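Letters A, B, C, D, E, F, G, H, I and J mark the chains in the order given here, with residues in each chain numbered from 1 onward.
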Amino acid sequence: MLFKVEMKVNIPHDMPADVIADIKAREKAYAQELQTQGKWRHLWRVAGSYANVSIFDVADNAELQDLISALPLFPYMDISVAPLCRHPSSIHLDDR
Amino acid sequence: MLFKVEMKVNIPHDMPADVIADIKAREKAYAQELQTQGKWRHLWRVAGSYANVSIFDVADNAELQDLISALPLFPYMDISVAPLCRHPSSIHLDDR
Amino acid sequence: MLFKVEMKVNIPHDMPADVIADIKAREKAYAQELQTQGKWRHLWRVAGSYANVSIFDVADNAELQDLISALPLFPYMDISVAPLCRHPSSIHLDDR
Amino acid sequence: MLFKVEMKVNIPHDMPADVIADIKAREKAYAQELQTQGKWRHLWRVAGSYANVSIFDVADNAELQDLISALPLFPYMDISVAPLCRHPSSIHLDDR
Amino acid sequence: MLFKVEMKVNIPHDMPADVIADIKAREKAYAQELQTQGKWRHLWRVAGSYANVSIFDVADNAELQDLISALPLFPYMDISVAPLCRHPSSIHLDDR
Amino acid sequence: MLFKVEMKVNIPHDMPADVIADIKAREKAYAQELQTQGKWRHLWRVAGSYANVSIFDVADNAELQDLISALPLFPYMDISVAPLCRHPSSIHLDDR
Amino acid sequence: MLFKVEMKVNIPHDMPADVIADIKAREKAYAQELQTQGKWRHLWRVAGSYANVSIFDVADNAELQDLISALPLFPYMDISVAPLCRHPSSIHLDDR
Amino acid sequence: MLFKVEMKVNIPHDMPADVIADIKAREKAYAQELQTQGKWRHLWRVAGSYANVSIFDVADNAELQDLISALPLFPYMDISVAPLCRHPSSIHLDDR
Amino acid sequence: MLFKVEMKVNIPHDMPADVIADIKAREKAYAQELQTQGKWRHLWRVAGSYANVSIFDVADNAELQDLISALPLFPYMDISVAPLCRHPSSIHLDDR
Amino acid sequence: MLFKVEMKVNIPHDMPADVIADIKAREKAYAQELQTQGKWRHLWRVAGSYANVSIFDVADNAELQDLISALPLFPYMDISVAPLCRHPSSIHLDDR
């Protein structure tokens, strides 16, 4: 089941540089693990911003919550979610 | 070059049913032609709405405008566009 | 899988009274059928408005779209959807 | 009398971890006590967020204020309230 | 139990003058009846607008819905509702 | 002359508890003094929030500014003001 | 007593040209009469729009409502009002 | 050339009192100097707020920027600007 | 003197095709005349929309109003204006 | 390929003056280098603000992201991006 997830990162300006670096390193590793597992199907940067557009492929709403709330950057992001499903005009087999 | 495009359809309630049916048929044919050409890379329905989330793959901004403004439903949609690019944490080769 | 769905009804003021009455009658029958099936788990009126707050219980996003887009009032409503899941502090067994 | 209450948690990033842990523990205990009393009828997590959708069952507006303003997380939440009542199409006896 | 209700009137510009006049006359009669009954405790015009600020005194949410949805202008108004209760600093006995 | 005033309190989370307590005590004393003088005609809590809805009765705009800007919580509140006047359908003698 | 009033004109596109012309002629005459009386102290066009910024000088809120609601274009304008008073740094004697 | 300028002051709550006092004193002196020069034509307080509505009279956009960006409170204000010009219905000679 | 002007076109769906064609033809001729005169310095389409971003070069606010309000599409556009001036970091001689 | 980019600067009020001065100096040098290269085609100040309107000329979305995310002020700005293309009514050869 697919969800569009948009994440906008807002790191507090007074957070120490090494703390930020650690969070970002863990975020990257975690994001790549979820991509490897097929849970994080697409991940794009929005040009001109510190934000991304993502497509998640999860079993249900609960798994979506588990994956997103475990993001190391979760406390520092504005996140919006839209449930997706197959469009009657789509010809792409995997646009479910 | 990829763009996220979101389209929300607002058909005037007093438009004749056959006119609507004709526009929708042409919209579907056109959407499927663009998908076949690889220009309209993904097309999802947003669950619970008359709206879609799409990923377009175009040569440049001008082609994006040409493709979108030719949509039969173009005059009846609220459309928002976000330019995408590769995310440094993506491992998907084609998330460009 | 649960979703909160909020619907605000906006019937065009120049729609004939009998057309409105027919749509409302079909809406009510359909809403009650979905409730009987257990798909539409809760349905409340928001006091002071022509709007409702609902909880849907569906198999997946696709079923949510099928059920909502088939509402007779669908073309005349502003609808917003939020995916729900179990809250770690809930003690209600069925707040999934 | 039922109210839909939505709560979005915004914990200041510079609050000490033990203070946060204490507040959260008290919040959970309080939330479960209100659920046991039947005052907090439903409590769902909104998937992909640090937010909940709740249904409160209270005697009147004053009790709603008493219960919500006593939440340990009250100073750190954006809260919105909508008064609910029976929907004429509901068939659920307790959707009052 | 008190509620603040704000109503903004938007009469369609193509509605016949006699229909408008009839609706307004019935609205006025109904508003005055509710005031006489003590249900509509205050009714003020917002200066420079076709809008009002009102205080309703009702038994519960359901009665609020019954009274407001029966307003002859109900289909032509944007309405917002806020539940009120006693403020700990109020000295007015009837600011409940 | 009446004004509806809405105040939403946002106390900075890092303000010392004794400073907050002092401000709140002065706010309460001042609010009660203005009520005693008849300047602050109504004061209600909005249920489920740290906010109030108030009706002020002042000689003119300048007095409204003097009274509100002297509130001890003034620097920590979002405040909105709407000028009121008699509604042609009001039957309450003092809804001026 | 001064108020800033902003008016944005939205004339329905299907209103007959002679009806519009008549409304505009009456609007202009009325606006000039109020200016002559000193009630409408300033009237500026906002460059690039069909909107104005105005300063009204009235006895009280009720007079503001009387003057504005009598504007021939009143049903076709979005209007916002802000009560003004003397600024402690003003040196202009009549900026009351 | 006239501009409407609206300024809303947001002084950080943790700024030392003497720093604030100094900024405000310089702001007042500067505002009065610009008024004496005829550049700051009107300055009103918005009743119930820490905000003002102003009319500037400048040679061009560049001068507007020079004057506003030199305000001692400039870093602590939300500022909005609207270019003004003569309204065809104005009878005030200096409403240019 | 430069202004950024953004225009979003909203043509009513029930306007006859020949009326629209006539308005658009006159709009194009007028836009090109203003460009030839150097008043309309830049005109770009926003990709994926029926909207433009423009730079106007005018003597003052009044000329901006004259030029924009004479656009044949003026009654059917949402228009926003921002006054521009030289940026201290610009090296382009004509970015005034 | 052209993009309109709008940047609004929000420097935290508690950042040391020398840190700010250093960031601004690097920002200016970088902005001028990109202008020299022809990547930053136009740069205007929005009068009355600490904001700019810019036109970027880049190879693709990825280059836009590279250039903008490298701005020394990037963490302290609200940035919005709109993809541009040739307008059918433009007569300026380089309004691509």
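Some notes on this structure:
Throughout what follows, contacts are C-beta pairs under 8 Å (C-beta built on N, C-alpha and C of every residue); 3 or more make two chains touch, one makes a residue touch a chain.
Keep in mind it's a predicted model, so treat the numbers as computed, not measured.
Common neighbours of subunit D and subunit I: there are none. One rotation lays the C-alpha atoms of subunit F on subunit J, and its angle is 145 degrees to the nearest 5. Looking across H-I, B-C or C-E, the pair that copies the A-C interface, with over half of its contact pairs the same by residue number, is H-I. Mean C-alpha positions place subunit F and subunit H at a centre distance of 27 Å.
One simple way to say how far apart two chains are is to compare their mean CA positions; for subunit E and subunit F this gives 22 Å. Computed from the mean C-alpha positions, the centre of subunit A lies at a distance of 44 Å from the centre of subunit F. The residues of subunit D that reach two or more other chains are 2-3, 14, 45, 47-48, 61-62, 64-65, 81, 83-86, listed in rising order. The full set of touching chain pairs reads A-B, A-C, A-D, A-J, B-C, B-I, B-J, C-D, C-E, D-E, D-F, E-F, E-G, F-G, F-H, G-H, G-I, H-I, H-J, I-J. Touching subunit J in their complex are the following residues of subunit I: 2, 4, 27-28, 31-32, 35-36, 41-48, 52-53, 82-92, 95.
Those residues of subunit J that touch subunit H in the complex are listed here as 11, 13-14, 45, 47-50. Considering their complex, residues 1-3, 60-62, 64-65, 81, 83-86, 96 of subunit F touch subunit G. Of all residues in subunit D, only 3, 5, 12, 14-15, 61-62, 64-65, 68-69, 74-76, 79-81 touch subunit F in the complex they form.
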